[in-house]
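Presented sequentially are two complexes of subunit A, the first with subunit B as partner and the second with subunit C.
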Partner chain A sequence: MFLDSWKRAGIAPELFFSTRGRESLWKFLTGMIPPDLSWSFLSLMLRPALETIQISLWGTVIAVLIGFPLGLLGTNTLAVRGILNDAELQGAPVRRSLRYGVYLMARGALSLFRSIPEFVWAFMFVRAVGLGPFPGVLAIGVAYGGMLGKVYSEIFEAVNYRPLEALQSTGANKLQIFFYGWFPQALPNFVSYTLYRWECAVRASAILGLVGAGGLGQQIEISMRMFNFNEVLTILIILFLMVAGVDYLSAKVRALL
Partner chain B sequence: MNSTLHQYRLENVRKLFGRQQAALDGIDLEINQGEKIALIGPSGAGKTTLFRLLNCTLRPTSGKLYIDGEDVDLLHGKRLRHVRRRIGSVYQQHNLVPRLRVIHNVLAGQLGRWPTLRSLLSLCQPNDVELAHNALSQVEIADKIFERTDELSGGQQQRVAIARVLVQDPEVVLADEPVSSVDPTLASTIVRLLIDISHNTHKTLLVSLHSVDLALAYFPRVIGIKQGRAVFDLSPDKISDDMLEDLYSGNFRDHAVTETTSGNIETIAYPSLS
Partner chain C sequence: MSRPALPNTCDVIRPTAAATSISKWRNGAVLLFFFTFLIWSYRGAEIDLLQLFSRDSFGQILIYFNKLMPPDFSPNVLHEAMKGTIETFAISFMGTLLAVAIALSVVFFASRNLIFSGLLYEMEPKQGWKRRARMVPYLAARCLLNILRTVPEMVWALIFVFLVGLGPFPGVLALGVHTGGVLGKLFGEVLEDVDPQPIESLQATGASRLQILFYGILPQVLPQFISYTLYRWEVNIRMAAVLGLVGAGGLGQRIHIAISLFFEQQLLTLIMAIYILVTIVDYVSAYLRRKVL
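Now for the complex of A and B:
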């Protein structure tokens, strides 16, 4: 299988050593050095950099707003299976199939959202709402909502069910059980995964710029098209610093929990 | 017909997991309001399954279970939660939420009464500190009220779990192996605590115990369970050593077997939860 994939993916390391490949790679790399650190260029990048952060931040917020409820509905052990549903669903086929239907719909929506790549979403949203950062926010929100929702449901399914069983036996309803038992146990994983996705969103929002969704990506595209590779390097450095900054922030937040 | 007279009434109750394994294999039982009962028997005998049926976590596969004359098969949604509210449970592993503060775990006993919104707000700003404080005072750990639950010792956590039941103030208290993870002195203290709190308010109490001595010493009615069946149901003075030996006999060889199969039962029925 691996060999077959190797062939079909067209993996050919020897291309790196061919004269043509070597020359153009060399031109690209040397062209990048030194990075353009002139004040005029840096100050020009300030706004797009800020815009990238803003896109990724709001994209992630929307992703959580989509992923959290859908992930909840798509949590197997909350909806249909296991000890929290035995008494409620045994001998109640209508209830069971209703719950199962909702569960499947939530899983289906999440799969759909994340199977379409974020730049395709961006492309569609650019058509719908025009150029600028907003389609980028929407694209990240929907695509990442699908990913977050799936992982949330897995985090929720992995918590220790015994405290939940005890909460249920006090007569608590599902929502109360969720917020008293489920969420507190899942919180550290929930937060760290969400922050990780924010980090990814910073990078993704750069790619989205290529289809006209604002931010640093748009600048990369402009610089590339004008063969200003040293500007590209500057932008990549800015991106790196931003990702590292988000990582630092998330480490701080996780330490608080 | 006169099932209304009993707190619990079980008629030939069976519980199957995964279609072939019978965790409970035909239990008949009548329990009156205010009784104090101990359950003994080898591990894997079905005691935990019985508790889960009695507190409406599980439902019988066949047979009838009446709680205060109500057929549990007919309970769903709100009515099911109302019945659950009247039954308090204490578990072997405390089953507290480790990352919450003690006060929230104690006030969780109120969840069956509180509207959803109020219970959520209470997580930010504890709703009834006095109630929690009183309950914790009764189990003598009031000073731990604002600590994180996972920072307490095992015995303290079991007291928090009992405080949660006190707040819930149910008609029935079910305790499934509440003392098997604490030392013997603490074990009898906790058993006595359970008897006291249910005695004062005339609650029905059912405790399953590993220790036969504790069961015989503190409870007027002792039920022996083996392989999903009740093998005796007597007052302690009528229970002979032979009966006890029978109850646990053949267990050393079987023990490992039942232990592993009961593990399987769990994983078959609730793989992703365990």
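Now for the complex of A and C:
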């Protein structure tokens, strides 16, 4: 297996020691230092950096908009089984199978959304709506919507059922049970997981640009294509600072919860 | 909210009016800030949801999806997809091996309790120059791991494509280098909280430091090292599938070619291959985790 992989992956360490490899390595390393910290370049990078944050924010918003309803429908205990539906679906096989169909469809959609990587989504959306930050937003929204939906349904399934039964015995209807019994229990986990996904979205949106979807990634690709390695280093430093800042911010928010 | 003070028992534990109004103000300010931020981002990211659902561009998306259908299942496309999948697998495998090699060669210098402090060194004078000299490889190793980890795989791939040319090899290097940084950090954390008791008893029998490492520390950390490595391998398979979009082999490169040449039906076949690969990896790893843990 090792040898087969070695051959298939075309591993050729001697490339680094050939003259051409040495030359390009040298060019790269010397080209990177010092980083380009001139004011004109930094101010040029300000917009893509902000754009990256904006993409990640709206990507996460769309992900929540996709993930929440699908997650609800994909929750076993909310849609098909459990105390909410037992009495209603007892003698109604048609309604039960209908509900089950909806449940399976929601699950299938979520798994489709999250199994296709966000890069591939971005590539397809670039084709569908054109270059720029918007395809990045859509790609993050769809791919992360799938992940969020799955985690939301897991959170919903893990709530404590005692309060729900108590509410039901007082004669609350389904909507009331959901809003007063179910949702408050799930909310803290919800918020913290969504924040975590936002952190990931910042990272992802920064590099989604490599396939043409706006943000810092696009600038990295441009600088790389023009062999301006000092600019690449600068952008990497900006990226590092941004990710560290977002980590810090979301840790603060989570500590508040 | 100026209600007349009624003898209401429910009011006893409520916060005072001033406190509620302050927290209300604060919540309001946070919400306002959040919504301004959202609107600002909406404009900045050039989002146009209305346009997305207008007849014009929605029609365009529909046309695109129609072009994708039906997937191209002719034998040579399937063969190519199969080859891409196997190549993706090979890239992730070699990349993870490289990562383990990198992590293992660096991590022993990057964990505090092995290199300059803790039980192993408590006999040495605290302020000695030797201790300070030991700080140097420690800090260097830490720094190296941080750099490797912070630069995303995609960017590494871009760099290595420039250095060694197109093909699966830059993908292997990119995965290996980035994952090496991640594994180095994870391994380091495991090493830093080993159980000190076996080490102490080994030390009491007069074992040398190298002996302590091999007989006291490694047996403790090896299971966790292996489980972290398997986890990262799983992540890497997924990553290897898309690294090709910047020219680093595997399924991604075939997707890139199919998109650039407008072979939409082949594209759908390749995307389905990714979907199947990712789903299988998900199930297998969930199964293994249930079995092992």
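Operating definition for what follows: the second predicted complex is superposed on the first by the 223 of 257 C-alpha atoms of A that agree within 3 Å, B and C clash if a C-alpha of one lies under 4 Å from a C-alpha of the other, contacts with A are read in each partner's own complex, and residues count from 1 in each chain.
Quick note on the criterion: contacts are C-beta pairs under 8 Å (C-beta built on N, C-alpha and C of every residue); 3 or more make two chains touch, one makes a residue touch a chain.
What you are looking at is a predicted structure, and each value in this text was computed from that prediction instead of being measured.
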| item | value |
| --- | --- |
| Contacts of A:S24 with subunit B and subunit C, given as first, second, both or neither | second |
| First, second, both or neither for A:R162, with subunit B first and subunit C second | first |
| First (subunit B), second (subunit C), both or neither touched by A:R95 | first |
| Which of subunit B and subunit C A:I116 touches, first, second, both or neither | second |
| Contacts of A:N173 with subunit B and subunit C, given as first, second, both or neither | first |
| Greater subunit A contact set [subunit C / subunit B] | C |
| Which of subunit B and subunit C A:Y248 touches, first, second, both or neither | neither |
| Shared subunit A surface residues [contacts with subunit B and with subunit C] | none |
| Residues on subunit A engaged by subunit B in the complex (per definition of touch) | 76-77, 81-83, 86-88, 90-92, 95, 157-158, 161-163, 165-173, 175-177, 179-181, 184-185, 187 |
| Contacting residues of subunit C [partner subunit A, same complex] | 37-38, 40-42, 44-48, 52, 57, 60-61, 64, 86-87, 89-91, 93-94, 97, 150-152, 154-155, 158-159, 162-165, 167-169, 171-172, 238, 241-242, 245-246, 249, 252, 255-256, 259, 271, 274-275, 278-279, 282 |
| Residue numbers on subunit A that touch subunit C, as the complex places them | 1-2, 4-6, 8-12, 15-16, 21, 24-25, 28, 50-51, 53-55, 57-58, 61, 111-112, 115-117, 119-120, 123-124, 127-129, 132-134, 136-138, 203, 206-207, 210-211, 214, 217, 220-221, 224, 232, 236, 239-240, 243 |
| Residue ranges of subunit B touching subunit A (in the complex, touch as defined) | 52, 55-59, 72-73, 75-77, 80-89, 91, 93, 95-100, 104, 108-114, 116, 119-120, 123, 161, 164, 168, 269-270, 272-274 |
